[in-house]
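There are structures below to look over.
One chain, chain A, appears in both complexes that follow, with chain B as partner in the first and chain C in the second.
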Partner chain A sequence: MRNYVHKLTYFSVFLLPALFIYITFLLYPILSSSYYSLTEWNGITKPVFIGLDNFVAFFNDSASLKAIKNTLLYAFLITVIQNVLGLLLAVLLDMNIRSRKVLRMIFFTPVILSSLVVSYLWLRMLDPSGVINAVLELVHLDGLKQVWLGDAKMAFMSIVVMSVWQFIGYSMVIYLANLQTIPESLKEAAAIDGANAVQRFFNVTFPLLAPSLTINLLLSAIGSMKIFDPIFLMTKGGPFYATESVTFRLFEQGFRSNKAGFGSATSIVLFLLILLISLPLLAYLRRREMNAQ
Partner chain B sequence: MMARNRNYLLETLLWVLGLIYIYPVLSMINTAFKSAEEISLSPLALPSALSFANFSHAFSEAKLLLAFTNSGIITAGSVLLLVLTGAMAAFPLSRSDSKGSKAIYLLFLAGTMLPFQMGMISLYQVGKVFHIVNSHLGVMIVNAAFNLSLTIFLYTGFLRTVSRELVDAASIDGCSIYRTFWSILFPIMKPVTATVVIITSLNVWNDFIISLLFLQKSHLQTINLSVYSFVGQNTNDWGVIFPSLVMAMLPILILYFFLQSSIIKGMASGAVKE
Partner chain C sequence: MKKVASVVLTSFICLSVLSACGGNKNEAESPSASASPSATQQASESAAQPEAQGDTIKLTAFGFKAGAEIGAMDELNAKFEAENPGITVEYEGKPGAEYVALAKTRFASGDAADIVMMHPGAEIAPYAEAGQIVDLTNEPWASEIADKAKEVTTFDGKLYALPNDMAALAVFYNKKIFGDLGIETPRKWDDLVAAAEKIKASGVIPFSMTNNDGSGAKLALYSMAPSWIYAADQDFDNRLNKGEAKFNGTWNDMLTAFFDLDKKGYFTPQTVGVTYESAMKDFQTGKAAMMVWGNWEYANIKKAAPELDFAMFNLPSKNGDVWASAAVGTTWSVNAKSKNLDAAKKYIAFWAKAENQEIWDKSQSAFATNKNAKPDLEPGLKEIGDAIAAGHFWNFLDQGWKVTAVADKMGPNSQGILGGQINVEQFLQDMDKENAAGLSK
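On to the complex of A and B.
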């Protein structure tokens, strides 16, 4: 009994500071949004319970639906492009190249920069009198010059490209860590059997990359569904809602328009959307990992 | 011989790709040293003369020195808070196999799954209740809360590899569990503490949204925030914006230059969750 009390005391002493910070400033705010989503609330006065009205309003609001569509498209494009290119880079930089360490460092650099720096950097690149248009002029492709962020489709793709640019290196190092666990002997055995490099990759290497594929796909899918900073800093959701994501809309509604209840409902929709995408994805990828073993 | 030639070809190709890839960063540094005229007339050229005028202007206009200090204080405070609370919490979580301790561990890990934007609105309310809006302490605590999952994950993983005999032997010697932790275990945890410090300082230094939410007074603002409000006032005045951007990323680039392999390894290990 004394032992038990002793154990309980030291457990509490060690755990309580972290638990307090974590629950008060992360878990509680997140969970309480499920209550606020059922209220009409301006963020200042007392919330008034209104049932599911915010959700009804959300699904009748064309701007909100547009934000969902945009978010899903962001997530799909960013996840696919980032993983294809990240994997390709990882495979190339896993080869026997002298300067591969420096090259890895170069491709990883954007990951460590803040989203604010990266957003402004790209804002300048994409400026009508900026670097990208200047390069196009230099190579006599003047016809391709654009007001990149002024056109709906181009603005959307610009956000995708800059987001991929920032995080390719992250996917790359996760694939690299996995690649380094694959024994050379396996690839050599396949080479002796007469398989060429591409066959070796798809038949030997790729199945063994299942664990890093799972992590990377989930990280980039969940991460890109939460995309906020570049939109807030570069396009403000425009032109005409073309680049608005759910998180951007939630921020605008909750803070700028003082519709905290509606904003909370938006956040619940986002959460459900993330679950809806990531849980089946996780289940599928886990099954794939099992089969690979 | 052929294989070697092929590798040289590949290496050259990768270098070309790499330089194009990193060009935006190089061009930012290049732009920061140019005069306003050069920036608009020849965006691609190197500066005709190194001009530090932009930098001194940015330092006085954007109050960069103050913002630097603020970012430094906030980063140091959050990281200290994370190391102390995270290392402590990981100790019982790594030693007990009880259901309760497993549940608490999962509770901590759940934080990485939940979109924090969900909590932004009520987080601000919580901040008001605790009177930490517009204070550095508030931003430190919230940054700590956002990074605790990762910190506890790293510490618990490490402590599970430390033998139990070590702790038991110390307690037989009459060492209290608290002294055992601080004087025996905590020093052993140095390598993982280094990883935690590196990754979380990057996260906190780079944070934008938490400080945007919590710090409205200009004398409290972080480097990212002051660049943000500076850009708001000087739209398209790139000659002034770029030096402040360069200053915002400089400490990180320097850190990266010296600690690249531990940063890359640390960030990869933070991602690989069971």
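On to the complex of A and C.
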């Protein structure tokens, strides 16, 4: 027993550096920003404690509520589209087609590019005199030409499409990995029983993809609720606040407008929002995974 | 027992190594978790911490002039080092709007440079209030600087930064297009509208305008306000800051006149989707005849389009007032926690000298703040220079406003009007609301 305790102390010492980093760079900032959310603070002078006033102001501020609505809509659209298309791509690239290795690489490339690069790329393409409108003109679809980032709905959808385009490869790779663990024999057995390709997919393959579905849904839901880079780089929240997300508003208020206290309160609201959505989602998906096995 | 001791000792060594690498002893004070993107910046700057090594003093300077805008920074630093043996200067430039947030984070983490560049106006106030920058009121150079320039770096009657230069917002115009169509630079708003009509009829876009972030309209309103509002009412900001004046009811004519230009089709089509790059390209290639922007782009345009014959004029009001929108662009302040205060003050005094300011201002196509400096400016900037010399100019709007967040409303709200979601009255009411909310705190 003594020896055991001794060993435990010995090994736990090795955890100290990690613990130190964790506390300094994660725990402390999180706790301090929860404190700052209760203060009136411009980020420079001494914070003044004001209780829950920042939260009251947040929920009375129509722009903040709009940002929450936008964020939820981003999360929903991006999660659904990215997973449906990602799964479709994975299934297609799991088949025995000749260029599948090259194609997998092509679809995965945007994931490893920096958001900055991707956003500037799309900014150029979406410009009224950019390549997307030029191509539409070339194929005589002039009627479809748009001021992509100048119209509220189009700007919002452009950001959704760009995000999906960027991260679809990520979902695809996770589904692909899962697909390769599914034994051929199961599908063959189903085929012998007379199931066609669609039936085989929905009755055999899809239930067995439960683990990857769980992780993909969670990752894309949480990730898209924190959406910031494309908005910051492409629309600055505009036109007329149409594309503002909670993180973008947090940044604008906290850093640009010198309301660090309000910004901290916004981050707490976002944290609770993510928690409120991801926990039930996780619970549901876990249960579903159990049932599938 | 020996083992335990050695383990504890080892772990302490590990920890000390770690903290030495980190170098940011006050890192934990950074404003919030969301500030983490700057962590790498801080780490990179910690290498440039002021340290007196032997006889040489290493001064660090941090500013928002970088890339194409860096101008004579290196030249001046070399000149300073030559004049002051034993002091070396290391300048770090981070361009763009994120500079403000970055500087704030560094001050908060005790990691700021000895000399820090600030935007004038409200940005300086909180640092001054918190005692993080040095009072420069009694520096010998202070009397040489124009009073109107010092106003925007003064807080509670004390001078906290040296204004280096003045920048102006005005209209770049294509002299060839104006000449071919027989248009003179406008002295009244109606002249401008008539000119735009003529230009449009000739198949050229009158105003190249970016509004994908609302900045084109915002800067245009910034450059209209001196002629339209402040030429007649220089007390407006005072009353606004006390909550006695309102935008709605006083600014309506100006906004209506401006947004009418869009209704008449004088802006780049679909301006709300147009980026700065594309708007600037239209002006440089002659697809558009005018563009409202800052004179700091003068040198860049000349470099990018050497063939282009262009100059700048100020936007006139309906009554024929032609004031410039000119404001201090860069200012230097001294970090109160600097270990090299004397050297830092020497550096600022060096920048305040007329001859050095001339070098800097010329490289920025900017106007001087030192009363004795006569920078050799582009002839195309003459009209603005004359207005400034005559005292016919007003600061950039947010510099005179206590609640600077009001100015942040102008970009998005302009998009709202251009997109037809709101009208001029709602635009101004929203600014009034923000101002009242800010003042009530």
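As a convention for this text, the second predicted complex is superposed on the first by the 280 of 293 C-alpha atoms of A that agree within 3 Å, B and C clash if a C-alpha of one lies under 4 Å from a C-alpha of the other, contacts with A are read in each partner's own complex, and residues count from 1 in each chain.
To be clear about the criterion, a residue touches a chain if its C-beta (ideal position, glycine included) is under 8 Å from a C-beta of that chain, and two chains touch if they have at least 3 such contacts.
Just so you know, these numbers come straight off a predicted model, no measurement behind them.
Contact with neither chain B nor chain C is seen for A:L136 once the two complexes are overlaid on the shared chain. In the superposition on chain A, A:M125 makes contact with chain B only, not with chain C. Of the two partner chains placed around the shared chain by superposition, chain C is the only one that A:R256 touches, whereas chain B remains out of contact. When chain A is checked against chain B and against chain C, the one touching more of its residues turns out to be B. Using the contact criterion defined above for the overlaid structures, shared-chain residue A:V147 touches chain C, although it does not reach chain B. Once the two complexes are laid over each other on the shared chain, residue contacts for A:S99 go to chain B alone; chain C is not touched. Within the superposed three-chain model, A:L72 lies out of touch with both chain B and chain C [touch as defined at top]. Legend: residue contacts after superposition of the two complexes on their common chain; A:Y22 is shown touching chain B, with no touch to chain C.
In the superposed model, A:T45 lies in contact with chain C only, and not with chain B. In the superposition on chain A, A:P239 contacts chain C only, with no contact to chain B.
In the superposition on chain A, the residues of chain A touched by chain B in one structure and by chain C in the other are 10, 13, 17, 21, 24-26, 28-30, 32-33, 36, 43, 127, 129, 247, 250-251, 254-255, 260, 263-264, 267.
Residues 9-10, 13, 16-17, 20-21, 24-26, 28-30, 32-33, 36, 40, 42-46, 123, 126-129, 147-152, 234-241, 247, 250-252, 254-260, 263-264, 267 of chain A are the ones that touch chain C when the two sit in their complex.
Of all residues in chain C, those touching chain A in their complex are 3-4, 7-8, 10-11, 14-15, 18, 27-28, 30-36, 39, 97, 100-101, 104, 107-108, 126-127, 129-130, 132, 211-214, 269-275, 278, 404-405, 408, 411-413, 415-416, 418-419, 421-422, 441.
Contact residues on chain A toward chain B in their complex (touch as defined above): 10-11, 13-15, 17-19, 21-22, 24-33, 36, 43, 92-93, 95-99, 103-117, 120-122, 124-125, 127, 129-131, 134-135, 138, 165, 170, 173-174, 176-177, 215, 219, 222, 225-226, 228-229, 233, 247, 250-251, 254-255, 260, 263-264, 267-268, 270-271, 274, 278.
Considering their complex, residues 7, 10-11, 14-15, 18-19, 21-22, 24-25, 27-28, 31, 40, 43-44, 81, 84-86, 88-89, 91-93, 96, 101, 104, 107-108, 110-111, 113-126, 130, 141-142, 144-146, 148-149, 152, 177-178, 181, 202, 205-209, 224, 227-228, 231, 236, 238, 241-242, 245, 248-249, 252-253, 256, 260, 263-264, 267-268, 271-273 of chain B touch chain A.
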